[in-house]
Every structure is written in C-alpha cells, then in structure tokens.
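By letter and in written order, the chains are A, B, C and D; residue numbering begins at 1 in each of them.
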Amino acid sequence: MAVTGVLRPGFVQIRVMDLDEAIVHYRDNLGLDLVRQKDDFAYLRAYDEFDRHSVVLRQAEEPGLDVLGFKIISDAALADFAKRLNEMGVKTDDIAAGEHCGVGRRVRFSVPTGHVIDLYAEMELSDNGPMTKNPDIWREEPRGMRISRFDHCAVLGVDIAASAEIFEKALDFVVTERAIDPEGNPVAIFLTCSNKAHDIAFLAGPVDAKLHHASFLVESWNDVGHACDLIAQRNISLDIGPTRHGITRGQTVYFFDPSGNRNECFAGGYQHYPDNPVREWTVDQLGKAIFYYEKEVHARFTSVLT
Amino acid sequence: MAVTGVLRPGFVQIRVMDLDEAIVHYRDNLGLDLVRQKDDFAYLRAYDEFDRHSVVLRQAEEPGLDVLGFKIISDAALADFAKRLNEMGVKTDDIAAGEHCGVGRRVRFSVPTGHVIDLYAEMELSDNGPMTKNPDIWREEPRGMRISRFDHCAVLGVDIAASAEIFEKALDFVVTERAIDPEGNPVAIFLTCSNKAHDIAFLAGPVDAKLHHASFLVESWNDVGHACDLIAQRNISLDIGPTRHGITRGQTVYFFDPSGNRNECFAGGYQHYPDNPVREWTVDQLGKAIFYYEKEVHARFTSVLT
Amino acid sequence: MAVTGVLRPGFVQIRVMDLDEAIVHYRDNLGLDLVRQKDDFAYLRAYDEFDRHSVVLRQAEEPGLDVLGFKIISDAALADFAKRLNEMGVKTDDIAAGEHCGVGRRVRFSVPTGHVIDLYAEMELSDNGPMTKNPDIWREEPRGMRISRFDHCAVLGVDIAASAEIFEKALDFVVTERAIDPEGNPVAIFLTCSNKAHDIAFLAGPVDAKLHHASFLVESWNDVGHACDLIAQRNISLDIGPTRHGITRGQTVYFFDPSGNRNECFAGGYQHYPDNPVREWTVDQLGKAIFYYEKEVHARFTSVLT
Amino acid sequence: MAVTGVLRPGFVQIRVMDLDEAIVHYRDNLGLDLVRQKDDFAYLRAYDEFDRHSVVLRQAEEPGLDVLGFKIISDAALADFAKRLNEMGVKTDDIAAGEHCGVGRRVRFSVPTGHVIDLYAEMELSDNGPMTKNPDIWREEPRGMRISRFDHCAVLGVDIAASAEIFEKALDFVVTERAIDPEGNPVAIFLTCSNKAHDIAFLAGPVDAKLHHASFLVESWNDVGHACDLIAQRNISLDIGPTRHGITRGQTVYFFDPSGNRNECFAGGYQHYPDNPVREWTVDQLGKAIFYYEKEVHARFTSVLT
C-alpha cells in the first residue's frame, strides 16, 4: 500500500452537556446523519464516509474531547503500532471490540498533553455510505453545512513536542508545518498521515487535555460561505470567519456547538507528500499563519477551549 | 510513513510537433512555469509543486506520451520496486541520474499496454517552489488556467487488466473504480497510490501505447469555469466541458494542446482510503460514469488519441 | 423613477400535461414555493420575489406558453401603455382583476409572432416574501436548484422584428443584443426593460407562438453546477449545460420539465444601461453567441419547442 | 425608457496624496485600466464599462472625495434635473464640457451633508470598452481583483435625511433600505436609481463631507475571496472581510488605498424594483445590518473616514 499504517482520523468523541440539543446541531447544522442514539451516546456520520460513524457525542457534565480515534489499515498493523508505542514507553490499554457500536478492538493511549487516542482497524461499513454500483455523486443532496467528512482535530496542551514525537516516531506521521518561538520551542505542530495538509494539530497552551476544535470538510470556498450564511441565519455562535489560514492554506469558518465546543468548516489546503519540506513559521508571523487575511489572532481563539 | 512507496505521478513527458508553440500553450494557457528549454526538450512546473519540473515536452514527429514518471519515497524503495517488478517478470532498464536535468537515476519499464513508466526517487527542488518560511499562499498569483499540479494521466491500450495488475502487485496501487463489460472484462480501471481518487487510469481500446489525456489540478469548479472562459476566448481546441465525472466525481474540462494531445483541467474528486470499497460500473452506465451530466460519451472522446 | 414603466417579467403561465407532476418539478427541482393549487392551475413563487406568484402552471393537452406577464409601475402607466399599443395598431383586451388569484386588471395583447402578453400593475404581496424588518438573507435556506427569481422567457416565431418593434416602441424596451443574417434580417433579438442583459428574447423560427425556454435566476456559476448535479442525480431531462452564453455572457444550464417545456437556470450576465451600444452578432458566429464554450448549437436546441 | 433619468454612478473623483502610488493600487490591485494621466489627475476605467473612465484620482494634500458623478440619460433630462434641483432650493453650477477629459457639460450641486455631486449626460466611449461585434466575454482576462465596474459610494455626514431627500425628490432615486434609531432618525439610508440594491448610501456621522467608501463590483463570492488573497499577499491594508452585508445581502471585503481611502469589493446583492417594500433596520440590529456574519461593527469602520 502506498497509503498504509494510520489511515485517517476516524472518529472523534466529544462531550456535550445536552445530547438532544447537540444532535440537532451536528445533524441539522453540520448536516451529519444520525446513525444511532443509545444511552448517553449519539453516533453520527458524514455523507461521504464509508464507515458507520465518525462523530460520537457523549452526554456529560462538561464539554470537551473524550477521545480521538485513528483508523489503522489492518489488525496486524494495529498490533505493531501498540508494540512500537510500548517500546517508546507509552502505555496502552485494550478496549474490547463492540464497546463502541460497530467498532472493533481499540488500542488506547494518552499523549503527554493529556489527550486520549484510540487506534482501531475495524469498523462496520455504513449501510447508507457512498454508492459503489454505478454510483451517483451522492445518494441525497448534502444538507446543512454540507459536511463531507470529519477531517481532523486541533488539541492544546503544554508539552506539544512530546506529543508530536509520539505521532511521528510510533505512528509514522509527518510534520507539515511548525511554528517556533524565539527560543526554538514549538508553539504549533501540524502533522499528517495522508496527503492532507494536516490530520492532527498540536497547539501549545498552559493547560493540558484541551480540545481547540473539531474540523469538518466542505467542498469549496463557496460552501464555507454557505456555512457562514447558516451560522448567521440560525444564530449559531460564530467564532471567526469566513477567512483563510496561512498554515495549510485552507479556507475556514469557526463556530461553537451548543456546549461550547469549537467546530470548524474547512475547505482546500494543499496536497502534502512526505518528500515536501516542512513549512516553518516564526511567532511574530503567527497572526498570518493562523488567519492569513486578518494577520492577527483574537483573544477568544486562544482562550476559549473545552 | 503512512504515505510511502510510490508517492505520485511526478512527471509526464509528452511529444509535441512544435516545441515553441507547445511552450506557449503549457506556459501561458495552463499557467505553468518554464523551468528550462534545452535542445528538443522543455521542462515546466506548476506553482504548487516543490520538485524542479513535472512536465517535459519533447519535439517530435508525432504527438503522444513518451513516458510517465512516478516519484518513489526513497532510493531503497526504488530498488525494492525494481526487484518486485523483475520478480513479476517485468524487465527494467536503468537510466542514469542526470539524463533528465535535475532527476536522479530512473528505473524504466513497459506495461503490456505499451506505455513506458519511469520510477525515480530523486529530483532537485525548484528554487521557485512553494515558500517554506512564513509562506504566502503563493509567491505570485497563479495565471492562465491556474493549474496547481500535474495530477495524472489516462492511458489507453488493449490488455488493461495486465497493466493494472503490475501497478497493483508490484507498486502497491489500489483500484478505486472499475468499469466492467457483460463478459466481466474491464473497460476502465482507475488506480491510486495516494488519497486521490486516481493517480493513473487505464482505458481499454484497440491500440496500445496511446495517451488519452494528461490531467492538471485546479482549485475548484470556479476555476474549471475560468479555464473554459480562457479556452473559448483564446480559441483553444475544446473537447468537452465544463462537466463532471461520475467516476471520481471530479469537475472537468478537456481540450487539446496544439499538437493534439488531450489535456484536462480537473477539480474535486473524493478522498480515497485503501479500506474503501471499489466502485464498480457496468458498461451500460459508462456514459454516466464518464460524463455524469451528459450521460453519454461523444465519439471524439474515444477515437482521438495520441 | 429612474426605473419606471415596465418593471419586469412578472409571471409566466406555462401549459403542462400533468399538473401534479409539474408541481413536483417546479417546487422540488427548481425550489419554488407552491402558493396555491386551484382547479387546473397552480401558482408558484421564488424565494426572493415579493409578489404573490411568478409561475402559473395550467393543466392542458399540450405543453407551451399561455401568456407572459409584465408588471407595470402604476395603473396610470398601464393605461398609457394600452393607449400606445392601440395607437400602434395593436389590439388590446381587458382582463378583470381577480381572474388570476391576487392579480389586478390586465391588458392583454398578442404580438405578430403569436405570443400572448399581459400587462398588469397590481399583484398582492406574498405573505412569505423576503423579510423587510431586520431581514435575514432568506427566511429559509433555498432548496432544490435555489432559484431566486423567474427571470425571462425566450420565444420563437416568424416575424421577430415586428414583435420586437412593439416592445421597443410601445413599451420602451431597449435592444441589448441582436444577431443578423447576411441579408440583414434578425435571427435573434434580446430586449431589456431593466439593468438586466435581457428581459425577453425573440428567436426567429418557422412557426409562431412557440416557447423556447422559461429562465430562472440562480446566484452564481456554483449554483449552475449544483443545478446540474440535481439534474443528473434526479434524472431530469438535460438539454445542454453547464455552459456559458456569448450573448448576455450568462452562465447556464437547460433542461426540460416533465411536459417537455424547456427551463433554464441562469447566472451572471452584465449590467445593461440604455446608453450602452447594441451588441451585434453575425449568423456565422451564432454558435459562439449561443454557446460560448461549444461554439456550435446542437439540433435539439432549435428544433424542440413547446 | 424603462430605465431612464439618472442611469448610474458614472465616476468618482478621489483625492490621493501620492498619485503614482495610487495609480499602482487602482490599476494593479483593483485591476482598472489607466486611461490617461495628466497633470494632477489620473483617469481609470473597469473592463466592463463602455464609458471612457469611471475613476478619477486627484493629487492632493488630503485624501477624500472630491465629487461623485451620475450619468443622465440625455441632455434634456439633465436640464430638467437642474430645474428640479433649483425648484427645491438646491443651487447648481455649470461646468463646461471638456473640463474633465472626454466629459460633456456637468451640473454640479452640493447636498446638506457637504458632498459634491455632478450630473452629466455625455462621456466619450472608451476605445477599449466591451466588444460589440461578435463579442468575447472580455478582450483580455480581468486582472488584479477583477473589478468589472465602479459600483457606488457610501458617504457620511450629519443630516442624511436632507441629502437623501434631494436624491429622492429631485433625482427620482428610491430608498431600498433604511436604519432608524429609537427616535425615528435615520442612521443609514440606501438609495437606488436602478435595479441594484444601492447606487448611493448615506451614513449618519458627526462630520460632513466624508467618504466612507468607494465600492467596486466583482463577479462572485469567489472573486471576493480572491480579492482577499491579493490583499493579504500584497500587504494591502485590510479593513474587514471577506464577509456579507445584511443590508443589500452583498458579499464584501473592505480595504484601504495607499492614502487611506476605503475601497470595497462587492458581489451579489438582490435585484431591486421600485414596487418593492423598503427594508427597515433598527439600530440594535445595526451590527447584523452591516456585517451579517459578525453581527457587530468594529470601531475602525465608523471612525476611519476620508
């Protein structure tokens, strides 16, 4: 396989304070399909994903990120990654198949920034996924923000170099972009396991285990604008956008789910290959790096975290 | 590496009957940079590519495809692919580093459909490639059709199953889509070595060694429309478009270079992962597969080949 | 008033052979609102129109155009236009207020090409029209092809010069573009009563009283592409597109309603002012005039009429 | 004429502090053609305008608006407007033909907010305007921000009701939207003489004779995004955007010319007709009115004026 090992961010499990309200947001605003609601959990999927679900919402007292799951190409590779993690001194836990509906066994570990990561090789296919026999471009016209996929998360914590190192050394991720302070410490590290400009981003901050945002893919700048129209007309809480990133070059809008978790609609971004040079940013250019148009970052973007 | 082995279609060498006229087309219409012109060769590069060149034009008596080059992640992997090819009974030739300006050693082989393929692990970086220090989204605004990358080729020949098998078994490509006639013979096979919907396509036809088209990436449907505006206003020879593919879901326009080689401007297409099911087409739906809007294929599209 | 006299094409009454099926098409595919269905009539309205309706469907044995209605700025102006028509020798009939739901008195006349035209100054406002107090950009997200307005009709007949003359001399329309054959006879005349590139088009043909197409406005090239996606995915009968006109410069797709009446989704086109020169086309360039990309007109476009 | 009287904002004369630098901005960034530079004046034109020029830059000590010119349909109408102005007590001055290159006689007056307005019926046609014989969509691909037309100005002063009244009563403009404070005083009045959502806007403020912005038309939201790309990459001073207006529904970006005059790139906006209701805004919703996405107005937008 030319694309192998870790395939993609496969699911994100987000804590929400009112599950019904959260379902309305992710289903009707983002346009995800509700696959199943059971007990404190709701499972959702974007129209262009083959797997059974990519978003898990959990009813909880506080918002935030429970776990970020990465799909692995095979069970053998999963076993190998567990071994490599352990050899690096990263403790792993096994979660039995079926504990999440439709998901095979998971290897769970935590990174130094306090985020919980699951690796898994098996998930049931959706019975409503993209057509495979003389397929139409979609079964039904995408609705809401017309999200096609769950794309990535940006997470925040103290020792991002240590967390990124695990993704690089044990999981074969590649750094695509990096912002460095004058002392040479990273303030942001973007990593990919694919041809995408990023599959996970680590942002340096004073507290660990924080979710900065969960990002969802839309087709184009036009759909970013459409998402903004919906955000405004439906009184969804806007953070910033429409705008563009210097990092990744993606076109973007940020907003909040009803529990205060930050969402992103994202389009574009370059194709990345592992032979590409790393793109380096200095902190004096961090405004441009994050918001290419505004060239400055507003306080809420760095202070509101879940 | 999660993306490893064969990275991408790295260059295409196209025969043209008037090199100067071809340079004008690829530089001013497609918007590629002319890197170097030397003897019977011209080397060009798209603005979003790090490597020195991705298009080689060769002055010749007849149009067509000389060779399609794939970039390999490392010299060790290159050696391994040569070995695997040989083990499959595919003879390889070595081309010394430097025979193409700026390109390392190449492993050359032919597939049963008569197409010549080069594998190589080294190419000089462009000194005008994407910025890597506090980068802008581009150094200068893209011009012409605003091509960002050379994307893929579709090639035509008799035994496409045999050619595709080599890409699958020796080079770890994955079939993304396939069209099958009532006897079960493939009439089109799309393969990827990345997250793109295709990195090479084989189309069944009565003659071997033919180029159907060389495809170039643009950012969006809007830029497909802009390419059509230029095609019309500059009297470039249009084949078909703007339209959309059922296969890959890409948005597209086809036109001809001054020597009659078919070019494509292509946007969109889904993200592919190796755990995705293959999408299968039956020949009665081939019209929809190729031109999702028109649902039929005009004669020129299958008969004009170089 | 700087915009005065005839304001716009206000409604089109189209004959359909199955009213229920037609309602489904105009409501769900085009995205119009069904205002009322009564006896053999259905009334529909686009989301961005203030007036009660703009499309009237009438159950009939044959498809085609019953009448094209133009809204006049005032009843006084309506009376004046009737007088000017009569002075030109054009006979007018009075239709009493209320014969169409919500529409005031109408002045009806026929043009030499056999088309029936209504002028009227009064129509009830929709109770679901665009918001006027701290308005959102729309009450609800546009659906289907996201039609914002009924835009214009193109009609076909023998003596188009005579019909156009009535619009120019009695109704103050201005010719924006004209195609002329080598003998100096017009083969197409585009006229406007506004800043739009056309409000009505006359096409020369061997039979009178024909509808070539009823055209509906969408926001952008992106929405033309989206209309094409729906046409393909819902198996709506496509005529041609997406493409672009030389005349008006508009971006377009043509398709058929279930009774065979041709519809257009149209975006763009220049702003016209009455001090602009007329744009003239010669018939050898009629392909470019009509389909700027293809530069030729397919037979169906001139032969299929209702 | 259905469109008659005042046709459009025909030119804007802007004071700049460095004429050469300003020419670079308006020519290369906005993409206007430099028609002529003579003494302290430069004349420019957008690619889709027939008249000789639409922007006049004048070298001066201070930035700001010298005069806003409106094209009248005929000299007879011009004389009539002068008479109506005088009858309203508005003094007019005559400026002889030829004082501006290529412009006929002008009738000049001032409005209570201190802005100088010229009316004129004659301007030479550009010899490089839109093609009129078998025209292409443009002679050459638009460059820079791809401005197609000068669109409108927003001007600021104390007694905007009095200024707007002159445009309504003497010049037949129609109010399209209005924002009202709790005492019933207008804080913003948008007026049109066409089917555009606005041809001039008056904003209430503490000082008279101020220019808020000069606005230029682009084709689509995509071109608004492209303008933002250029603004960022060329370090043009951004005010705000890309975003959308509640008023007019237009998509927009604001930025400054090198002398500090605010420019806007604007796309979209509804079609207005004089039988449409006025859209009314209350000041508590002024944020939404001005920036539909952000729902608040930043201080610079109301304080930086020229």
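Just so we're on the same page, contacts are C-beta pairs under 8 Å (C-beta built on N, C-alpha and C of every residue); 3 or more make two chains touch, one makes a residue touch a chain.
Owing to the predicted nature of the structure, the values given are computational and were not obtained by experimental measurement.
**Q** Looking only at C-beta pairs that count as contacts, which pair of chains has more of them, A-B or A-C?
**A** A-B
**Q** Chain C and chain D are the same sequence; what rotation (0 to 180°, nearest 5) superposes their CA atoms?
**A** 180
**Q** Which whole number of Å gives the spacing of the CA centres of chain A and chain B?
**A** Chain centroid spacing, chain A to chain B, equals 31 Å.
**Q** Cα centroid separation between chain A and chain C, in whole Å?
**A** 47
**Q** Which residues belonging to chain C are in contact with no fewer than two other chains?
**A** Each of 136-137, 220-222, 229, 232, 244, 288, 292 in chain C touches at least two other chains.
**Q** Please categorise the chain-chain contact pattern as a line, ring, star, complete graph or other.
**A** Chain contacts: complete, every pair touches.
**Q** Considering only the defined contacts, which chain C positions touch chain A in the complex?
**A** Within the complex, chain C touches chain A at residues 136-138, 141, 220, 222, 229-230, 232-233.
**Q** Quick one: which bits of chain C touch chain B in the complex? Just the residue numbers, please.
**A** Counting only chain C, the residues touching chain B are 221-222, 225, 228-229, 231-232, 238, 241-244, 251, 288, 292-295.
**Q** Over in the complex, which chain C residues touch chain D? Could you list them?
**A** Where chain C meets chain D, its residues are 1-8, 48, 50, 71, 73, 125, 130-137, 148-149, 171-174, 192-196, 217, 219-222, 244, 246, 249, 268, 270-271, 273-282, 285, 288-289, 292.
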